[in-house]
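Listed next: structures, encoded as structure tokens.
Two complexes, one shared chain (subunit A), two partners (subunit B, subunit C).
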Partner chain A sequence: MATNLEFIKSASGTGVTFIDVTDLFSADYDVYFWTVTKADVSGIDNMEIYVLDSTNTVITDSEYDWASLNMFANTSFTESKNTNRPKVDFYGKYSATASKNTGVSGYIFNPYNSSSYTFGTIQVSGWDDGQGSLRGNKSIWVHKNAEQINGIRLSAQGKTFSPIEVSIFGVK
Partner chain B sequence: MAGSLIKIDEEIVTSAVSSVTLGGTKWDSSYDVYMVTVMGAEMSSLVDIPFRFTVSGTADSSSNYDYASKRLRTSSAFSNLSATNQAQIDMSVAVSGSNDLAMFNIYIFNANNSSEYTFCTLESVNTSDGTAILQGDTGGGVLTVAQATDGIQFFDNGATANIISGTFTLYGLKK
Partner chain C sequence: MADDLKYGYKGAEPTQSFGNNTGVFDPNDINNLIADNKWTSFGQLELIETQTISSGSTLDFTDLGSYNVLFATGNNIETASSNTPVSIRVSNDGGSTFKANNYRYALQSGTTSGSFNEARSTSTTSMPYFTSDSPNKNRGAYCYMYNLQDSARYSFFTHQSIEEANMMFGSAVYAVAETINAIRFLTTNSNAWTGTISLYGIRYS
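Let's turn to the complex of A and B:
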């Protein structure tokens, strides 16, 4: 029987403030899994995800909603949410120590369907210097415009990635 | 290829049905972990979508399900969904409406071991309430009966709503 988790592509860069993964989505898949396989960010900050339109142009219109749960090992959980935003913010890097980097992965649903919104989930595990604790994060998001989406952009509030590498798989 | 997903069963709903069952006679017991994806699920009215595990192809409707989830949403404070000794596991879903769709991922563990409970983790994201409010669940559930299970059934909530769309797919995680 066919194998149904299929590697599509990876993208990488160093000394960059964002990375675009273009021509990523297609009619071949409805569900995509992505993971950041390498990342070192120049400072402590949230990461951001944007979607790219059918011409691989980043969409920065106020069309994103997101909701995010932060889970700390040593204190109460916190929540945050926002609507009609120009991007999706999610927990990125909160430790200045290189050995305490962050693991990030997510799913994206239905991006290529021009008659549907694009949905996503994100899960993160990392270290938070401010709390001195493990910090996990679970986020959900939606791009609220029915249009064909071709790819994603990852960035970190203008911080520099040296390096960043992301891999994307299709679930068929 | 290690870690691959192998498709076992799929049901595509395009008109109202009272339930969707994956597995049963199509169940392949050679996996330790199973993944269920649901794309574009809609219910005919504003209810959660429940699911149960199947035993010999029939949904186990005993009151032996426990679940605990966090519901994330943009419209109000997040909430906890937790219960014990229920007849199903509840999950956030979209109600019929323009662009209101629900996406799920469910992982199933220990299904084939007759001496262990069947556990699952779940995550969902959807727009709902007919007004495109973003919400989703993250958490887990268990059927607290030491028995082998062989599938999953999504069904209408108390016969008050039908499943009117969605692509429901069951995968095995290749060892």
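Let's turn to the complex of A and C:
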């Protein structure tokens, strides 16, 4: 069986505090790959992700668990984690400087399957303005309610993106 | 083809985009739409080149295509020397020279025996661990590379590798905003290595 990435859609926004990628998932794929191709942010803040339900409405119920390893080039690593949250609060940090943003990619598993939780993995290579150095993150997350998921929302704790661009692929 | 008959249409031409091509297409139309990222062609992990090294210490890729995100895989990578990881350096002059400073990295390693360690540096001469560094052990690896061809942004890397009972994953940056147009896989101590590297571009990234 040939294996490949099949482009589904890209989305972009400028002057927005979040971007929704709607009608993204389908019965055609079980696994999806996504990558942020550009993200310039009005200030330093956390990378966040939500999922959208079958009507493309953002889910903010306390149904997300996540964990992330913070890997710094200049100091000891730390762990971040939380459970029963209304979003995936954190999987990396944006820099306030455009040239220092950023490499983000991830996989999403089983989103369209109404009988399964939706799981994700994310890897980030970026710049931590507070540390003044490289910050990497390796993260896992789950939306722990079995329902059909149609899309994702990316945000940064209310900071403004100018712009943000994301591309999503099905994995065949 | 006359300008008034494009995609088989007379007069107003239909708007073309990925997943929404309309009309009758001749080869020139298809080539032009591919160049404009408007032609529907499923399969967006595009192989740029596969190279195998059987002697020496460097393997260069001087054609990176035109992609925001590159993906490299390594398999059957081995070296007989200790302390010899395969690393990555970047070039801004098409591969005539390769940069040997301004890299930073942070990675986590782990073994099946239960030993986990972190490694990091704010000043290295390469993206230092595409693979780990033990002698005579078969290694596999992958690496995503971001923004290399964006003159206004740093070049970022995320990677993961396996070496028998050892694994590592991490992130790295070449912290200079400039256009990168070639990459080198190498051992920075010039010890010989063998293996196969495939470089892919992720179209529409």
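Please note the rule applied: the second predicted complex is superposed on the first by the 164 of 172 C-alpha atoms of A that agree within 3 Å, B and C clash if a C-alpha of one lies under 4 Å from a C-alpha of the other, contacts with A are read in each partner's own complex, and residues count from 1 in each chain.
In this text, a residue touches a chain if its C-beta (ideal position, glycine included) is under 8 Å from a C-beta of that chain, and two chains touch if they have at least 3 such contacts.
This is a predicted model, so every value here is computed, not measured.
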Please tell me, clash or fit, for subunit B and subunit C sharing subunit A in the overlay. clash
Answer with first, second, both or neither: which of subunit B and subunit C does A:S105 touch in the superposed model? second
Given the touch rule stated above, what does A:K138 touch, subunit B (first), subunit C (second), both, or neither? both
Report for A:Y91: first if it touches subunit B alone, second if subunit C alone, otherwise both or neither. neither
Which of the two partners, first being subunit B and second being subunit C, lies in contact with A:G120: first, second, both, or neither? first
Taking the superposition on A as described, I'd like to know which of subunit B and subunit C A:A146 touches: first, second, both or neither. first
A:S167 in the overlay: touching subunit B, subunit C, both, or neither? Say first, second, both or neither. second
Once chain A of both complexes is superposed, is A:T83 in touch with subunit B (first), subunit C (second), both, or neither? first
According to the stated criteria, A:L5 is in contact with first (subunit B), second (subunit C), both, or neither; which is it? both
What is the contact status of A:F25 with respect to subunit B (first) and subunit C (second): first, second, both, or neither? neither
Running through the overlay: 21-29, 39-47, 93-101 or 111-119 are the candidate stretches of subunit B; which one clashes with subunit C? 111-119
Overlap of the subunit B and subunit C footprints on subunit A, listed as residue numbers: 2, 4-5, 69, 138, 172
Contact footprint of subunit B on subunit A as seen in their complex: 1-5, 30-31, 65-69, 79, 81-83, 107, 109-110, 116-117, 119-121, 138-142, 144, 146, 171-172
Interface with subunit C, subunit A side, in the complex: residues 2, 4-7, 9-10, 35, 37-38, 69, 71-77, 98-105, 123-127, 133-138, 167, 169, 172
If we count contacts the way the header does, which residues on subunit B are in touch with subunit A in the complex? 1, 3-7, 37, 39-40, 70, 72-74, 77-78, 99, 101, 103, 105, 123, 125-127, 132, 134-136, 138, 167, 171, 174
Can you list the subunit C residues touching subunit A in their complex? 18-19, 42-45, 68-69, 104-108, 118, 120-122, 144-147, 152-154, 156-158, 160, 169-173, 175, 177, 202-205
